[in-house]
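In what follows, a structure is listed as structure tokens, so that the remarks can point back to it.
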Amino acid sequence: MATKRIGDVVLDVKNISLAFGGVKALTDISFDVREHEIRAIIGPNGAGKSSMLNCINGVYQPQQGAITLRGRTYHGMSPRQVAEMGVARTFQNLALFKGMSVLDNIMTGRNLRMKRGLLWQALHIGPARREETEQRAVAERIIDFLEIQAWRKTPVGRLPYGLQKRVDLGRALAMEPSLLLLDEPMAGMNVEEKQDMCRFILDVNDEFGTTIVLIEHDMGVVMDISDRVVVLDYGKKIGDGAPDEVRTSEDVIRAYLGGEQTQPQRHRDTEELPA
Amino acid sequence: MLYRENGQFKTSYPADSQILPIRQDRIAMGLLLAAAFILVPMASSEYLLRAVFVPFLILSLAALGLNVLVGYCGQISLGSGAFMAVGAYVAYNCQARFEGMPLIVALLAGGLGATVLGVAFGLPSLRIKGLYLAVATLAAQFFVDWACLRLKWVTNDSTSGSVSVADLHIGSLSLESPQARYLLCLAFVVVFALATKNLVRGHIGRSWMAMRDMDVAASVIGIRPMQAKLSAFAVSSFIIGVAGALWGFVHLGSWEPAAFGINRSFDLLFMVIIGGLGSISGAFFGAAFIVVLPLVLDKLPYWTGMPMDTATASHLALMIFGALIVFFLIKEPHGLARLWATAKEKLRLWPFPH
Amino acid sequence: QAKEQFFPLLVYRTGPYSPNGTPWANGKQDYIKLINARDGGVNGVKLTFEECETGYATDKGVECYERLKGKGASLFDPQATGITFALTDKVPHDKIPLITLGYGLSASADGGVFAWNFPLMGSYWTAADVLIQHLGKKEGGLDKLKGKKIALVYHDSPFGKEPIPLLEERQKMHGFELIKIPVTAPGVEQKSAWLEVRKQRPDYVLLWGWGVMNSTALKEAQATGYPRDKMYGVWWSGAEPDVKDVGEGAKGYNALALNTSGQSPKVIQDILKYVHGKGQGTGPKEEVGSVLYTRGVVIQALAVEAVRRAQERFGKGKVMTGEQVRWGLENLALDEKKLAALGLTGVIRPISTSCFDHQGSTSVRVHTWDGKQWNFSSDWYQADEALLKPMVKAAADKYAAEKKLTRRTSAECQS
Amino acid sequence: MTAPLLNVNGIEVIYNHVILVLKGVSLQVREGSVVALLGGNGAGKTTTLRAVSNLLEGERGEVTKGSIELRGERIEKLSTSAMVERGVVQVMEGRHCFAHLTIEENLMTGAYTRKDGRAAVAATLEKVYAYFPRLKTRRASQAAYTSGGEQQMCAIGRALMANPKMVLLDEPSMGLAPQIVEEVFEIVRDLNAKEKTTFLLAEQNTNMALRYADYGYILENGRIVMDGAAAELRENEDVKEFYLGVGGEGRRSFKDVKSYKRRKRWLA
Amino acid sequence: MGPFLETLIGGLMSGMLYSLIALGFVLIFKASGVFNFAQGAMVLFAALAMARFAEWIQKYTGLDGKLAVNLLAFAGGLAVMVVVAWLVEWLALSRLVNQEGITLLMATLGIAYLLEGAGQMLFGNDIYKIDIGLPKDPMFLFEQTFEGGILVSKEDLYAALIAAALVAGLSLFFQKTATGRALRAVADDHQAAQSIGIPLSRIWVIVWSVAGFVALVAGMIWGSKLGVQFSLSLVALKALPVVILGGLTSVPGAIVGGLLIGVGEKLSEAYLGSLMGGGIEYWFGYVLVLVVLLVRPQGLFGEKIIDRV
């Protein structure tokens, strides 16, 4: 495996606060993400992890603080602008386009790169057709990569949950992002499928050098594949550092990993099983 | 065993993304088109052409347009009657005011007029959704109804507010015969159906569907909600506008605003839902259901041999019509087009059940 | 094979206008049955008919037209203004005349341009004209109308807007103030219209409604305290369904009457005897002779007479084509004697048409509702030819110009 | 041995008249037991649960073969609410909270079928709050505006409000923080022990499920491919490899998965 | 000042009558997420039933106390509406569980056709009369202060009072009762509601019966105003903007919406209408709605539309 080429800070989140009416989803959160790294965000339910992602890609506008992405600082940018800067994401509660096929879902990820106007499209000749074919080739590469060839033409609504998650990832990858935000990509999967998913994430990270921000509740996964971890709790940051540091932090254990459980998850998993 | 795609492999992406990937379907479509262009005008009575096929085609076209908006982009509209009206009146004004304007140009101008209105009334869709939007679009319906009655220049100062068009012709070709009118409508329908199909399988169509299915996710992917929705409104109202112009020019010949009243809007919405949201063929199924079924039901007393007075017969027809709507929705909530697709799927597996 | 003259009947027995459409349709049907039962048809030609339900909708009407025209129709009565407009364009090609007795385009009285339309017995212009004459008479002279306020409460559609040009013309002549108050179809919500009436306090209200709009207007007038005896309706606003459920509240309300109501005329008696008496009546017996029923009878009678007249020229005992029936319609000459033979004495006035006059008569009376029935409250009026003729001609010429039509010459009138 | 509480007998389920999903699934659940239904994505776990609780209709699915018995009574034709009245409640996959209702209202709707009076319901509500304190703090906010995990808790709590005899839990652990997952399973164990509630749970988190269940079924591609006592299943090499993620030499790091990929034997 | 007040009062009372119809929509939507386009047809059907029952009761039993006849006819109408509710549930809704809103909406349009056809076939399509003794003549207030006084339609006043009472009762029902809560749950998610044992069929029969009851009251009042005939089903169109303005899910919203639209359209017609050629009340309500929705997309009191990722 190639050694990681972790580089400069690409995303810098500074003093973000976000509240909905009385609910403080995020309070004064700061952290950064470096080029090529896999950055995990963990925390108990309702800690504000998803809200954090929503702030980064412009779905929510934080009341305070600023986000700097590749040198550009913003307070309120539209999701489209963020997307144009190469940020893609997946969603916790599957936000796929249910009525469309797998292929079409992934093709929508290429939308930013498709420029031919209405008339060309309506005629479907020459440039429009060529463009469609080019982008289709890219989409097909992603389909191959995610091993979902067999379901290419199936409406995503009919797919089992795990595959839908994979399509969601595919759609994000189709944007060829430089920064990929993943919101619980492995929820509801069994070990085998999680392994597959990890493989995809690691491949993307390695081969395309994509920077990844990952929210995940499976500590095994987080500890194994992430480079640095942020821990949120009730909208506040309670930890930030390498997986091992975080795992042993008192705060994190109390707030998140579970009271009596002081041992790292990976060991527990094996030890729990009678030999 | 006839209906199988075995052995038909696609070797290129364009081949794979053809409109009809299965050879049998292509043959069937070819036959259908040939029949529509050659057989029907030759073999049909004037009644069939004028009173069944022409309205069927025009309403299919309108339903096609509405389907772009409702079926593909997920914006429910109850204002299609208004867009048809605008199409008809703009086309009328073009012909009445500009001496010698070719018919086709006038019809397309009608479409453009409707587009302008469509975009204007599409703007609220950026904030208003679902049923709320549906009722809000009624504002267009009622406003246009009113304007067509009230604004004198809309009807070119006709005293009664009704307008009529002079003899239709394209170049030196007269469009008086039912065959000519039928073919004109058919040509429009075929061209627009093809263009719409092309749009919905391209990136613009995908951006519509994305807005429909999950708008937040769509915007995160980089789809501009405004652009996607307004383009859907524009395309949809253009097609509906052209259909309206055809309805006025080719079908009615002379009309008052009531010809494009709210019932028309409901009928069109009906067609796209009964026919199948988000499917091109759905528009045709739906239009057939709405246009042809009542005619068939009218004949009911004759078939049953029961003498029945007109009122009872039409009440009964109304009831059966309503019941059939409910029945089909229960049978297949996704419309007749889906029912057809399921039937085909079964045929593909035949003789195995699964 | 027996000879049969086919009459297509476009009717609406369902939908918002069915209470008015039904007696009308029944009258037409019963008259055909009467002719067959009593006279054995017209010179031996049996009359047949088929109804087609339009529901007052234009596109349904067009469909009905296309369907029935193929069955040998030689004349249509569309029973609706919208359908009339749509058919006006189609009939010249199919060579089938349209009877629009008391409705349709006012300008179509000009047979020189509207070769196939027959607004027999009057149009909305003649109606409006007569109403103003009547009001003038009540005030003691048309010049007394000066400074008076007359409100037109009208169905917001081409039907309701037709009288406006004439009223404006009369307004210029007599100096009364015309207040136009539109009511949106179908007319179930008229509160603001009547609040406006109350605010303006007009001396008279002319009601130009159809269907539910009429009874609602009367109820609103009651609710806003506008005197019903100051209200004058057109002949489509003066039938039983319009006042029936208003009852006492409509007492004193006036409307134009193209025909009588009641069961005394001979033709009605004959229908009761030959049709209902044999159990073949179309609607309930009580309704026979009601205003709209009788209007249906009159329309059908004129249609049958047109056929009879045509047979006189083109061969008795033959089935007439549309073109031949048109000739019959253009050469109607029903004097009192002939009317008497038809049992129409008193029901209508004599009527005689020509190639250029497709109206034939503009005679009309006013009747008043006494809480139970309609009673005539005026003598016959005629529309003012001097005023109307130029208006009709100008409008017809405009239409001809738009449609690039040339006027018929007298020579063309012969066939 | 006593007759099982639930007896599913060779059922076949078809969606939309054409998609055959379950191809003869049989399983038994004894009163007072915790049975786990395991299997990969799309194996048909949810479908099986839906067939039992009769929620298939709304998905345009139907049981075309086989039978389902609850305490010996055939139940395929019953309505879902009749099932709830018989004490069988399903917690649906993917939360399905009532978006416009507050958390507390959500919970209260769960008690809709109860006839034992306000006080009893209030007591259950307190119990649910005791199990999920987080819900108590969010009790007044609309469910749609709570986090994914909170919604999951709400869905489970709502089912408990019906005082069920048997709960069909579909992926209870999905999206929950490890601490809460643990809690949820503890609650399952607790209810099972104290109130003799029977559980049939569909889970991806095989490790957890097998730790808390008595018996397990493994479903693949619409067929039961393996079943046995939970302890036995945990020993099984295949289960270890494919469902628990432990190979011969212990648990493999997710980091190493790249170089390794094997297929299940029984799928080949 | 006089005409202004008159218009204002007239608008308020028209608005109340709109609310009465709007209420039927809100009830069904709130309780099942179905936008019931058949509401207009239900009003017609109920009114036809009541009018004809009154007629028949008089004819065949010779009973002639107005109150007794009307009460019996009302009860008969209610029974018919309950049967309708049950049929609708059994034949249509129960088979459309978990379908999308728009499919259900279309189904209700089918039901509307069925009801219109059946209503006219069973009960006739002439004009019938409902006479519940509402006074038809107006009263005049403040005749000293304003010339001609301020006209108030007594009929409308009584009707508005009945509507207000009905609305108050129904909002209470939805506020806190367990059934009210269950109804809202069903509207949110059919399947989830089913999964916790809410019997959809029973709930729907209840709601449609209540909506039938509201339709009957509306039909009775509008019928006594307009006469009972087909056009009665068209007054539903006047209620649409009211429902949306108030918010689809809010019972009090239906009232406020009705009042606002009633007043707005009457005033606009009176004071702007003449500038624009009249008839603007035809669309005024809808345009008002459009404008309000731009500011509040869920209507004035509707539940916030939730979209989250």
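Every chain is named by a letter (A, B, C, D and E) in the order it is written, and numbering of its residues begins at 1.
The rule is short, and it goes like this: a contact is a pair of C-beta atoms (placed from the backbone, for glycine too) under 8 Å apart; a residue touches a chain by one contact, two chains touch by 3 or more.
Predicted, not measured: the structure shown is a model, and the values here were computed from it.
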Contact steps required, at the very least, to link chain C with chain D come to 2
Under the touch criterion given at the top, what is the topological distance in steps from chain A to chain D? 1
Innermost chain, where centres are averages of C-alpha coordinates: B
Between chain A and chain E, the Cα-mean centres are separated in Å by 49
Quick check: how many Å separate the C-alpha centres of chain C and chain E? 37
Note: chain E sits from chain D at a C-alpha centroid distance in Å of 44
Give me the residue numbers in chain B that touch at least two other chains, ranges are fine. 146, 149, 214, 216-217, 220, 311, 315, 318
Which chain A residues sit where two or more other chains touch them? 50, 59, 91-93, 95
Quick check: what residues of chain C touch more than one other chain, meaning two or more? 13-14, 18, 22, 156, 182, 184
Using the touch rule from the top, collect the residues of chain E that touch chain B in their complex. 35, 91-92, 95-96, 99-103, 105-107, 109-118, 120-121, 125, 237, 240-241, 243-244, 248, 276-280, 282-283, 286-287, 289-290, 293-294, 297-299, 302, 305, 307-309
Listed in rising order, the residues of chain D that touch chain A in the complex are 19, 38-43, 93-95, 134, 138, 141, 145-150, 152-153, 171, 174-182, 204-207, 211, 231, 234-235, 240, 242-246, 250-255, 257-258, 261
Residue set of chain C touching chain E in the complex reads 13-16, 18-19, 22, 156, 180-184, 186-189, 191-192, 195-196, 198-199, 211-212, 215-216, 219, 222-225, 241, 244-246, 249
Quick check on the complex: what are the chain E residues that touch chain C? 3, 6-7, 10-11, 14, 120, 125-129, 136-138, 151, 153, 155-156, 225-227, 229-232, 234-235, 238, 265-266, 269-270, 273, 277-279, 281-282
Okay, in this complex, where on chain B does chain C touch? 45-47, 50-52, 55, 96, 146, 149, 159-162, 164-167, 176, 251-259, 263, 295, 298, 309-311, 313-315, 318
